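The first chain written gets the first letter, and so on, giving A, B, C, D, E, F and G; residue counts start at 1 in each chain.
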Amino acid sequence: MKSAILQTATRYLLPILLLFSFFLLLRGHYYPGGGFVGGLVAAIAFVLHSFANGTANTMKILRYKPLSLIPIGLAISTLSVVAPLLFGLPPMTGLWFEEPIPVIGMIGSALFFDLGVYLVVIGVVLTILFTIALEQ
Amino acid sequence: MIDIILAILSSIGALSILFASIGILRMPDFYLRLSVTVKASTLGVGLLLICAAIMFPDVSVTTKAIAIIFFLIITAPIAAHMIGRSAYFTGTPLWKDTVIDELAGMYNKETHELESKEEEAENPPNEEPNIAKSDEETE
Amino acid sequence: MLFTVLTGLITSGLLIPFGKLIKIKWSFLLPLIPVLLFIFYLLHIPTIAGGTNLVQHVNWVPSMGVNLDFRLDGLSLLFALLITGIGTAIFFYARTYLKGHVYYDRFFAYLLLFMSAMLGVVLSNNILTLFVFWELTSISSFFLIGFNNDSKESRSSALTALSITGLGGFFLLAGLILMGNVAGTFVISELFSKHDVLLAHPLYPLIAGLIFIGAFTKSAQFPFHFWLPGAMKAPTPVSAYLHSATMVKAGIYLLARFTPVLGGNELWNNTLMIVGGFTMAFAAIHALFRVDLKGILAYSTISALGMLTFLLGLGTPEAIIAAAVFILVHALYKANLFMVTGIIDHETHTRDITRLAGLRKVLFPVFIAALLAALSSAGLPSTFGFIGKDLIYEATLHYEEHWALWLTALAIITNVGLVAAGFMAGLKPFTGKLPADFEKVHLPYPSMWIPPLLLGILGLIFGLFPGVVGDLFNNQAANAIAHAETGMKLKIWHGFNMVLLLSIATLAVGIVVYLVNKPSEKKLAAVERFNRIAPQRVFLRIGRSIMRASAWYTHTFHNGYLRSYHIKIIIFAELLLAYKLWISGPIKINWEELTPLSWYEVGIVAILLGALYIIVTTRSRLTSVVSTSVIGYCICLMFVFYSAPDLAMTQFTIDTLTTVLFVLVLYKLPSFINMTSRWIVIRDAMVALGFGVILSLIALRVLQEPNTTDVSSFYGENSYLLAKGKNVVNTILVDFRGIDTMFETVVLSIAAIGVYSLIRLRLKASEKE
Amino acid sequence: MITLETYFDYVILPILAISVMMVFIRLFKGPSVVDRVIALDLIITTGIGIITVYSIRSNQAVLLDVAIILALIAFLGTVAFAYYIEKQKDD
Amino acid sequence: MELLLVIVIGLLYSGGVYLILRRSMVKLLLGIMLLGNGTNILIFLLGKITKGSPPVINEAYKVFQDIYADPIPQALILTAIVISFALTSFAIVLLKRVYALVDSDDLDDLNTPEEEEL
Amino acid sequence: MIDNHILAPVFVQLFTAIAQLMFWRKTVTQRFLSVGGSIIGLLVAIRLFSRTQSEGILTMNAANWDAPFGIVFVADTLSVTLVLLTSIAGVAVSIFSSVSLSRQRMLYGYFPIFHFLIMGLYGAFLTGDIFNLYVYFEVIIISSFVLMTLGGRKAQLEGAVKYMAMNILASMFFLTGIGILYGITGSLNMADVAMKIQLVQNKTLVGITSCFFIIGFGIKSAVFPLYYWLPSSYHTPPSAVAATFGGLLTKVGIYAMIRVLSLIFIPDDFTKTLLMVIAVLTIVTGAFGALIKTNVRRLFSYLIVCHIGFMVGGIAMFTKVALMGTVFYLIHDIVVKTTMFLIAGLIRQLRGTLEMEKLGGLYRDYPKVSLLIAVVLFSLVGIPPLSGFWPKIFLFQDSFSQQQYFFAAALLFGSFVTLFVIARMWSKVFWKNPPEEENVEDRFAPMQPYKKLLMLLPIAFLCGVTLYIGLNAEAIVNVTDKISNQLIDNSSYIKAVLGEKTN
Amino acid sequence: MNLLLSGIWVALTGSMYYTNFLFGFMLGFFVLWIMNRTETDQRYFYRVPKIISFIFYFLYEVFRANIQVAFDVVTPKYFFKPGIVKYPLNASTDFEINLLTTMLSLTPGTLILDISEDKKTIYIHVMYLTDPETFVRQTKTGLERRLLAILR
């Protein structure tokens, strides 16, 4: 089943949702949001795309299997967790750049951590849903 | 002054949502309910959001409110279309006083594809079960 | 002394994996171990006879008071010599007996293991170390009884023996620990001084009882005796060694060892007397009906063990000396008879005494050995057995007046049985006419018949020079049991007295019984009819009922229905929590502290509950999914009302995704059908409501507690200043409690991989498991 | 004098609450799943309204972020339902 | 309002328990989800709900100026929600697989492991 | 002592798992990574163990926030001992899996999940924060779900449904308990909670809260009447998986129970009685079940239940000696139960079945392997001087001094039934000749020698460990003594976490 | 489209700094890069203002629709004569069709049920239907023409 209307709409909605998910990710430290919700929204964007265009097509856009996002995300967040050990600090300690960066604000290990979470969440949700969808 | 404008806007908004809810309760068939709710709720929520935009002096709130309205306008018809067509496809009955159903028999049962010309349709109209279907669970 | 124990253990440990490497021709080295150990202990005789005890202490688990404490006194030495001496004989004997057997190496490994364990038991000066070795004897016995593991009887006998001795073992452990607790030490030599403390303690009966069970099971006392005849499924050297001469005497050793600690008390003495007395008479009579040589020997062994228990129960110096002597006497002749039986079995392939006759013609040296044993067992004057018997009557006769007669009568019955049984085993196969099919029977290697002959001759020598024997070890053994100077000299001749008369009478009656009694399968069958009430059957029946009960119990509780598990868990929780709530008293609600109610909240809650109602009652799957979403969205709104935007966002997105998932997966399933009866529905509803009510009440209770918020206010104050975040929830998630989040993503990842593999992976039939 | 706050509290929010409850009656009644789905959709839309009003009322613009999320992804649920109601018919 | 939440908690737990006592696998799943929701609201309620501001520090300030909701229960529930999602999605798929194998939604039919030799 | 490297074992496993995920579908690489990671984990665990032995309780404030504001990790002797044992079991199972498991399962993520599971266990043992503990519990259960269902056939999946449902129920109780605990104390740091809970006026509320934890952990540790998931599922997964489960999972429940009871809810008389009743009934339940089961792994499953009762009984008495018994038993049980399920896997490899009636002849065909197995079996039974013997002494001792004669009787009964069923199993599986009509499918004989070795090596290794525990009991007793002291007097733990503030 | 996305980004973040816009632009570019691997239609770039004005036109229409429906809903008698009408499209691009359908769905009494595979026909559920042909004609000359005029 395909709907031309949905397909067309998805073309605008996919980038909007992705944008929104970045937005949620980046501002999480200051406002409601964060890696989790961001990741979920990004995943939902792709899920929507798969509803409109078929999972196979969405997989083509993604190019890589969503499963491969999981180790990448985990590695990013784990590295940001253990990085402080190099400075003799306990794991998870927030490390911050001295100067704030425009737009994003302060960049610290927390952001990388959140980025890892974001990627993991996308990978997880898409893996789950696409695996099921492709089986049908 | 602003207060009065806000009161009016919010009242209209709230009322249209109320009408939408009455509509969804009262309308005799699914398609009419759908038809009513999409419009009324979008308007109602939109008005309430405009209230919010006015209330908060912040630019960010205004832009947020506009964004929400924008998203609602994009998504509500799509949702309605999706659920409406699947309702039709699964044989959700039309109201008894429905004047005409030009969609009847236009679906290709095999592929779920919708034909635009009547002669290409595979199912003759007399086999169309949609209307006859009783008002029951379509699980 | 430690090395004597370890030698065997280590050799055995090496033999099991590497036994196959040892060629048969090197196997003559194996008996050297018991020989050397025997010599080692022989060399200690003078020291011990002089009244000195050897003590050795090696730390093992000092913090538990369990150490490798060894102590060599008269009793230990007696047993150590028995173990190593008879061990020597058995090792030589078994080498030939089992020649060519595939598990030759393993057999000796087990035998060595056993020997060391047994040495450990008798040498240990620590009750827990003693127990360690005690259990090792059970285990090695298990392996030896089941040595012919192809045979079903062997296996089941091994299992029975292990069950009974194992059960006794655990009782013993409990008893030993309790005794240690009460006395405050696990060291046996220190326990002697706690005698009064222990006897005065209210738990004394429990201690004694537990230790009794341990000893009685091991020493095959009624009603635990039945494993021993079964144990005769073991190869004959094993029967000779473990089940007559040594292991079964471990129980006797234990009783003897603890007599100075726990004895001297009516409970102790009477129990031993009653149990021992009954066992000895019961088994002696039983022995007369057996047709299997080993069966006869088994029952006569039980009888002898009963006798020993009985003597220990009498507790008089005479009785103790009698016991000390009888241990030696019995070991010598019984091991001998078993080895003879083994030879007969080996050569004629039968042990049926109704078939065996006239073997003296073909197995003459064996006959001599058997004869010596039979005479010793019969207690013919000038044999060592005579001295034993003598002492027994001495003991019973000198017991308290009004008991003496009864006890002596019991002893006579037993001895008559034993005389007859000894003759049946030792004479019957050799007398009479040699059946034709036994004519080709020939004498085995000398290594098989020399050991029994030696033992027989030893019995004769001991009988002739009892004083030497007595001075050398029995006296000290008796002293050790009595924990005092018993000061009795063994004599061959006490002059004409009551005792002698009784001995002769016993012998005469015994011979008569032997001549008259013609055991046959028929008679055996007649006796077997009483088996219905025999302990073995009773135990079996108890065992069966336990099995039935466990089957019922297990299937009742674990019946395969998830909902029944759930309801049990929930009801358990309800009972527990309801009780706790009940005792916590009434709940007061402080209305003023509650936040005010508003309409929209009521509305949202009403919808939530309505949706809940739909879920519970609907028969449409998709409807219930829709309603679940509604609940999620209502909760999302409540999070908004209570200032939790992050939660609301997450709840909403997750809820939407869950809905999508549900819809993706479940659309194919049929709708719910009403599968349970009305009553069950009502019951479940009650249980469910009860749980909800309890949770609500608990929540109310908790609400009354004043809250402490120093942690959350710390977050509020420092979120931005220290953690550079203004959204405190997010700051908690990525900083304060970031580790939680880290592993939460791991949970998500695992779930995703799980889903992926659950759907994708299909194993081929060949890859099952 | 009725302030805007009290007006919101005692007029607008109750109206919205009543609306949601009425929609819920439709959800309760059905009769078909599609009816329930659109009822759910309307509940969420109304929820956006409620959040908006509540954020005005409590002066918390932050809460509008939740409304954005609702507006953006609520229809995914409806799409999913629609998609599979149709597919279910197929099997 | 606390009382209302108390009732909600009670009924969510009740509903959850009732559903896990049913024979249907889907109901089991729904029951688990309800129990999860009930637990979340319980944590939320017992963490002392506040109708103040969200635990987000105002842009202009560095610390809170007025009453704010306790952020800890929120963080806990957030974690719990995500974990429940992981468990639920796995459970849903497991149910699907079991359904495909057993061809029944009836939990009482899941007795192969009690009977079959493995 | 602050030590920032407490979590090293956790991160070793985490990185191993991540690396394996990056080498998705490269099974050879994954195998090497798994064994390598496990061994590194073991080395790290040994280092941690020896550090705590020399320096006392170590703590680490994650994210550098002082307790109780951040999540604190605490390495006291109990924790590191369990970490060490988990590592030992982990190495064994890792090696065993690398040869025994089908390649298909490895292709679909067996190894990463296995390492996640071990990681979760490490985390659960090391964390000092109750909610963090919950998170690790979830890591553990979700990975156990996945491992149980990986490539599952019908029966495995059906068992997994029950396993899952009841474990999630346990989580629910646990989480509810955490919610209430936070409600009454306002803290999640266990040491801090321990301090604050003393200030709670309504003591019965504390009791109610403790019930949630007892029920939650009770389900996890499979005590009566909450044990049902275990015999429904433990016999279903592949043996390598079952070994991890059998050795470690229920023990986490016991660990958590010990931790929570020793720190937060110091047992009152009611709790003690409750636990004692549970313990006795658990022993009886497990023993009864074990008596009637004819499948090796079902038998083992019920034995797990039975022996959990031993440990719970020790907790119920809650004296130093009893806790020494429990902890010693815990140490013993982890090693032995892991080995037992590996043995079950080996038997299956040898004979293709685990039904005792269809088995037999193993002693004849594989005498040395059989005797190796015998050592483990007797250790399980508690034949002295093997590892299972020593803890029973403590338990008996204390049950007598506490006058818990029912428990002593149950202990005796449980021990006896264990002895009986194991001896019966030995007789049926090893001694008896296999039934004629069964065509034995020996998948072990055709294996390459190095694979055979790899399959036996873990069993021999664990057997060595249990022998070490048994013969060098003094060392273990010293450790358990230390642990018991720390448990009975929790001030050292609290002080290590909260610093001098507590005074 | 990229500008539109940048605009949305600015709207979302709510701060009008040029850096923010630039960042939004970059993000939007990135997002488009991700999805444009299958996307070729780039013509939207010039239509942003028109779209926004159209949105306001819609709001008016929606408002009108609501009054009508409200009236019908609150009065006990139903005045409508519903029916499903086949409507041949003049609009050809996806975007045109999409806008038209959105508009039709939000305006009084009409709801798009489905669109045919060849995108030449849409099926509309109409609430106040007197005669299908009249309706089609009115819509063709009214809404669709106006829309296409804006778009083309």
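The criterion applied here is as follows: a residue touches a chain if its C-beta (ideal position, glycine included) is under 8 Å from a C-beta of that chain, and two chains touch if they have at least 3 such contacts.
Being a predicted model, the structure only gives us computed values, none of them experimental.
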Least hop count linking chain D to chain G through chains in contact: 2
Mutual neighbours - chains that touch chain F and chain G alike: A
Taking each chain's C-alpha mean as its centre, the one farthest from chain A: C
Chain occupying the most central position, where position means C-alpha average: F
Distance between chain centroids, defined by C-alpha means - chain C, chain E (Å): 49
Rounded Å distance between chain A and chain F, as computed from the means of their C-alpha atoms: 36
Inter-centroid spacing, chain E versus chain B (mean Cα positions, whole Å): 32
Between chain F and chain B, distance of the C-alpha-averaged centres to the nearest whole Å: 56
Sequence positions of chain B contacting 2 or more other chains: 15, 22, 34, 42, 44, 58, 60-61, 64, 67, 71, 74-78, 80-82, 85, 112, 137, 139
For chain A, residues that touch 2 or more chains besides their own: 1, 3, 5-6, 9, 13, 16, 20, 30-33, 36-37, 41, 44, 47, 67, 70, 74, 78, 91-92, 94, 124, 128, 132, 136
Residue list for chain G, restricted to those that touch at least two other chains: 8, 12-13, 101, 112, 114-115, 117
Touching residues on chain A, where the partner in the complex is chain D: 1, 6, 13, 16-17, 20, 31-33, 37, 41, 44, 47-48, 51, 136
Contact footprint of chain E on chain C as seen in their complex: 558, 560-563, 566-567, 570, 589, 594-598, 601-602, 605, 608-609, 612, 615-616, 621, 624-625, 628, 631-632, 635, 638-639, 641-647, 650-651, 654, 657-658, 661-662, 665-666, 669-670, 672, 675-676, 684-685, 687-689, 691-693, 695-696, 699-700, 702-703, 707, 709, 711-712, 715-717, 719-721, 726-729, 731-733, 737, 740-741, 744, 747-748, 750-752, 754-755, 758-759
Residue numbers on chain B that touch chain A, as the complex places them: 71, 74-75, 77-78, 81-82, 85, 112
Chain A-facing residues of chain C, complex: 645-646, 649-650, 653-654, 656-657, 660-661, 664-665, 723-727, 729-731, 733-735, 738-739, 741-742, 745-746, 748-749, 751-753, 755-756, 759-760
Contacting residues of chain E [partner chain D, same complex]: 51, 53-54, 56
